[in-house]
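Naming follows writing order (A, B and C), and every chain is counted from residue 1.
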Amino acid sequence: MPSLTHAPVLIVVVLLLAAFVTPLLGKRESAVNAVFLGAGLSAFALTLRMTMQVLAQGTLSYPVGGWPAPYGIVVWVDVFAAFSSLVIATVSLIISWFAVCGPREVRNNSAYFTLILLLTAAMQGMVMAGDLFNLFVFIEISSLAAIAIIAIKGTKESVEASFRYLVLSALGSGGLLFGIALIFMITGHLNMDYIRATLTITATQYPLNLLTAIGLMVVGFGVKAALFPMHVWLPDAHSNAPTASSALLSGLVVKVYIIALMRIAYLALGLEIFALLPVRHLFLALSTGALLVGSVFAMVQDNVKRLLAFSTVAQVGYIFLGFGLFSQRAIEGGVLHILNHAVMKSLLFLTAGVIIQQTGIKKLSQFNGLGRRMPLTFAAFAVGAMSMVGIPGTAGFISKLYLALGALDADMMIFAVFILISSLLNAAYYFPIIISAFFGSESEVAATEPATSVLAPIAMLVSMVFFFGLFPSLMVPLVRQTAHLFVR
Amino acid sequence: MDIIERLWANIYYLASVILFIIGFHTMLTHNNLLKKIMGMNIMDTSLFLFFVAIGYIRGGQAPILREGVVQYVNPVPSALILTGIVISVSFTAFALALVVLLHRQYGTIDADKIIALRSKRHA
Amino acid sequence: MQPTSWSLTLPILVPLFLAIVIYAVERRSWQLRNGLSVLAALASFLLVARHYNAIMDDTTLIAEFPDLLPPLGLSFRMDYLAFLVAAVVSFVWLAVTIYSTAYMVKEHAKNRYYPFSVLTLAGAMGVVLSGDLFTFFLFFEVMSLSAYVLVIHEETAQAMRAGYRYLILTIIGGLALLFAIIAVFQGAGTVAFTPGGLPLEVTGLTILAFLGFLVGFGIKAGMVPLHVWLPEAHPVAPSPASALLSGLMLKTGAFGLIRVVYQIFGLDMVQRAGWNDLLVWMAAITVFLGSAVAVTQDEVKRRLAYSSVGQMGYILLGIGLLQERALIGAIFHIFAHALMKSSLFLAAGSVIYRTGKRRVSEWVGMGRSMLVTMTVFTVAALSMVGVPPLVGFVSKWELALGALDAGSIPFVMLLLLSSLMNFIYYFPLIQNAFFGEGIAHVEQPRAKRPEVPWAMLLPMVVLGLVILVIDLLPYNVALELAERAAHALFLAK
């Protein structure tokens, strides 16, 4: 079917079109919901088809508008892009489902959904981009949308948190744009393939420009991906947002920047050039910091959403660790964790949101006994928590296993130990929540289970946690081929 | 002297970098939220200057096809920058809207004061 | 070696499935809940026992599922060792579950207890029937985590503290195991239990791996100094759960150690590296300290808990001596202690159920008021001391012979000394109960009613009978299995 060759672009277009239409529908709830979910479903179907196509036929190179490179913009869908695209489409669809059926935290749903559609469209465009400036544009759109879905909550804290996010994000974007400018300066191209080809010649002529560009891009993306120590905006931003936004931000948004950076690394720069700066060692050091600092700060939090946000800081560290270790299995682990954490963290945030909505309680010290009133909700939270700790049978275990094996492959056993220690730290702040909820003293709070329609997306995520924990073989071919893009 | 000559030849880039640093620094250190936004604008504009300077070729003509022109200026960066300016404007508009909201909620646009007010309320 | 697919996984899958079913139906019918729980244990036992002929025929049954959970895959294995341990675990679990249907009547949160008890059974069976370290680890975690719910059942402050300590140590142990498993995988490319051991060299990594195994299994088995969770956790749980924890779950740690020493590292490597020395000394300390501290405990269940620490030390010693007879002793003691300790806890539970008296000092004259219970207790206790012809004697005998084979007289002395200490902490209890001054104030049961409900009485008596009689039978099937198991492990078959 002819339309399928246009799948990469269609994904973005469908979401953008829906984003344009939604505000026009005004207050008509059912229409807004229908367009919102319909767009998400179509995007999901398209990504699925595209992924299968990429697995079967190899990389899809799509010149937008038919204009060939280097004059036109190229969309480059390789295994990594297909995988990322699929993850984004799936998880955002489930979160959107929750946003529609779940507790109402935002007054103006049509505006909210518009923003989410824009965000998703931009993320999809980002992971598939084959052109540096196109990538930049999508990065900016996603940043703006991400900031907006925090601010839309309207409370004092959320506005302040979103402004701080805006400032730091702008700094990151600035650095990023500067890096892109420097690369454009020495290669004259913005198409990633062409840049890579040109750099083999010009890299030696302008080493300083290149190094500065790489450094700026690492910092720029690092700020947006909340890599320690540039994570300081994250706890406020993710905890003061509406629940669906927190899930989107923690689960997807921070990851796409890592994906974008790594794509630039092997597509635009070429891995040898990327290695001119000791980025690997930087990743290793900073990810260790992230693991430790994220977990330590999480342990002292009383607000459940802040705890989850700090946990994200630590989990992002795992992904960077996978790329820092740079062995086949470590990268597989890091890439798998993009998926696994997206599922786990969304599950945790969504259940937390439900708990807060049903009970009015945000503080963990007041969670005692709630598990007995809302067993299904807390069971779902427990599943997410166990997956974070890395209990075998859950998705989180698989990524940690691969990362640990990868650490040993890379002859850096110490990191395997770090991974295990961080599992222990994770247990130290997740398990007490569950124990207090199920076995704690009786609570005086009136708490009931939410409606089934609210629990349905959560149940979906729970089954995905188990599914990817027991049958990871489904994702393995995608992940393995992705790792091959980096390591032979 | 060689240094001065090199610097003068790359004056646009130099100016751009200086402006970038000014904008970056302003964003980070100034407390007044409006100044932060101005810093963001300066930083973005400096990058636009950088891009456009990349495209500039001494002695080149404006990139419109016509008779008798030997050398055109590279049109690509200018086209890119138009997009970039739009992005910058959107961010500025959004940031300003947030500042208005913040002022309404906290009564001040000083970042330090806002943090103090926030922690006082949380305490 | 005949590959058999699904039948090996049934003893695990059936309880797992039933646990979910029990959770679903228990609100509607408690009879169904209790019945299904007993059924789970019974089914597990029968599904293990039916392989008896195949196993005795010298076959090792293996089931492999490499596509599940790559890169390591799952596999299951039933050889002599696994058969014996799985059979005794499911049998005792059956007895304890029948017992709990009566005991738990006085307890709260029964709807939580039963499904998690069955889930722990599924985990334990998975551990014992595992064919490689990864499968072992998976079910080990399932078992340990669901046992947490049993530990904190009472939800008192003390229970929560004990549970917290248990949980922390379980997690640390699990991580240590995971590290060790990963290191082995790195070094050998596989983690399957291979007779004779995997081709591994003694490197820094494998040394750390062995230490990881020692810590992980040691925590579970209650090896000193990693035992610190045990004396808190076992007493604080409801008595049938204590029987499960002390009688059965501890053994999985020792089981894992046997597998690792003989079928991952291999006898030769362990000997070359000198790891057995470390193990033997840790075991000896465990035997000594466990027995010594038991003497000082007034609360009966705590005394039994420390006794378990000491007894596990015997098993660890038997593994570490690297002699066939010692290994026979160790494996047989897994069987024997499972029976003995569970009977002791069930009997203690019966006393607590009737009278609420938990302290040795309060058990004065209990023998007169609860004759059957205390008789079972006495039989089991004497067996612990090692009085022939009770089952406990055989294991100590084999262990002593094994120590002699290894040429270490000190360990024989240790065995004798610890038997004496066992006597010191069991005998006064028995003497007090039967010949003590005064009668424990126990409401006399109505005429024609037994001292505790039949459901509690019967399992105790059956276990007691097995302890009494099995060594007297012309064919001691458990000993036979233990001998063959040790032989097979030694011969690397």
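The definition used in the following text is that a residue touches a chain if its C-beta (ideal position, glycine included) is under 8 Å from a C-beta of that chain, and two chains touch if they have at least 3 such contacts.
Keep in mind that this is a model prediction, so the values were computed, not measured.
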### Message
On a CA-centroid basis, which chain has its centre farthest from subunit A's?
### Response
C
### Query
Just by CA atoms, which chain is the most central one?
A
### Message
Can you work out the whole-Å distance between the CA centroids of subunit A and subunit B?
### Response
28
### For subunit B paired with subunit C, centre-to-centre distance based on mean C-alpha positions, whole Å
70
### Task
Averaged over CA atoms, how far is the centre of subunit A from the centre of subunit C? Could you give it in whole Å?
45
### Summary
The residues of subunit A that touch subunit C in their complex are 389, 391-393, 398, 401, 404-405, 408-409, 413, 416-417, 420-421, 423-424, 427, 431, 435, 439, 470-473, 476
### Task
Would you tell me which residues of subunit A are touching subunit B in their complex?
133, 137, 140, 144, 147-148, 151, 156-157, 159-160, 162-163, 166-167, 170-171, 174, 177-178, 181, 184-185, 190
### Message
Touching residues of subunit B toward subunit A in the complex: what are they?
### Response
20, 23-24, 27-28, 33, 36, 40, 43-44, 47, 50-51, 54, 76-77, 80, 83-84, 87, 90-91, 94-95, 98-99, 101-102, 105-106, 114, 118, 121
### Summary
Per the touch rule above, subunit C residues touching subunit A in the complex are 67-71, 137-138, 141-142, 145, 152, 155, 160, 163-164, 167, 171-172, 175, 178-179, 182-183, 185-186, 205, 208
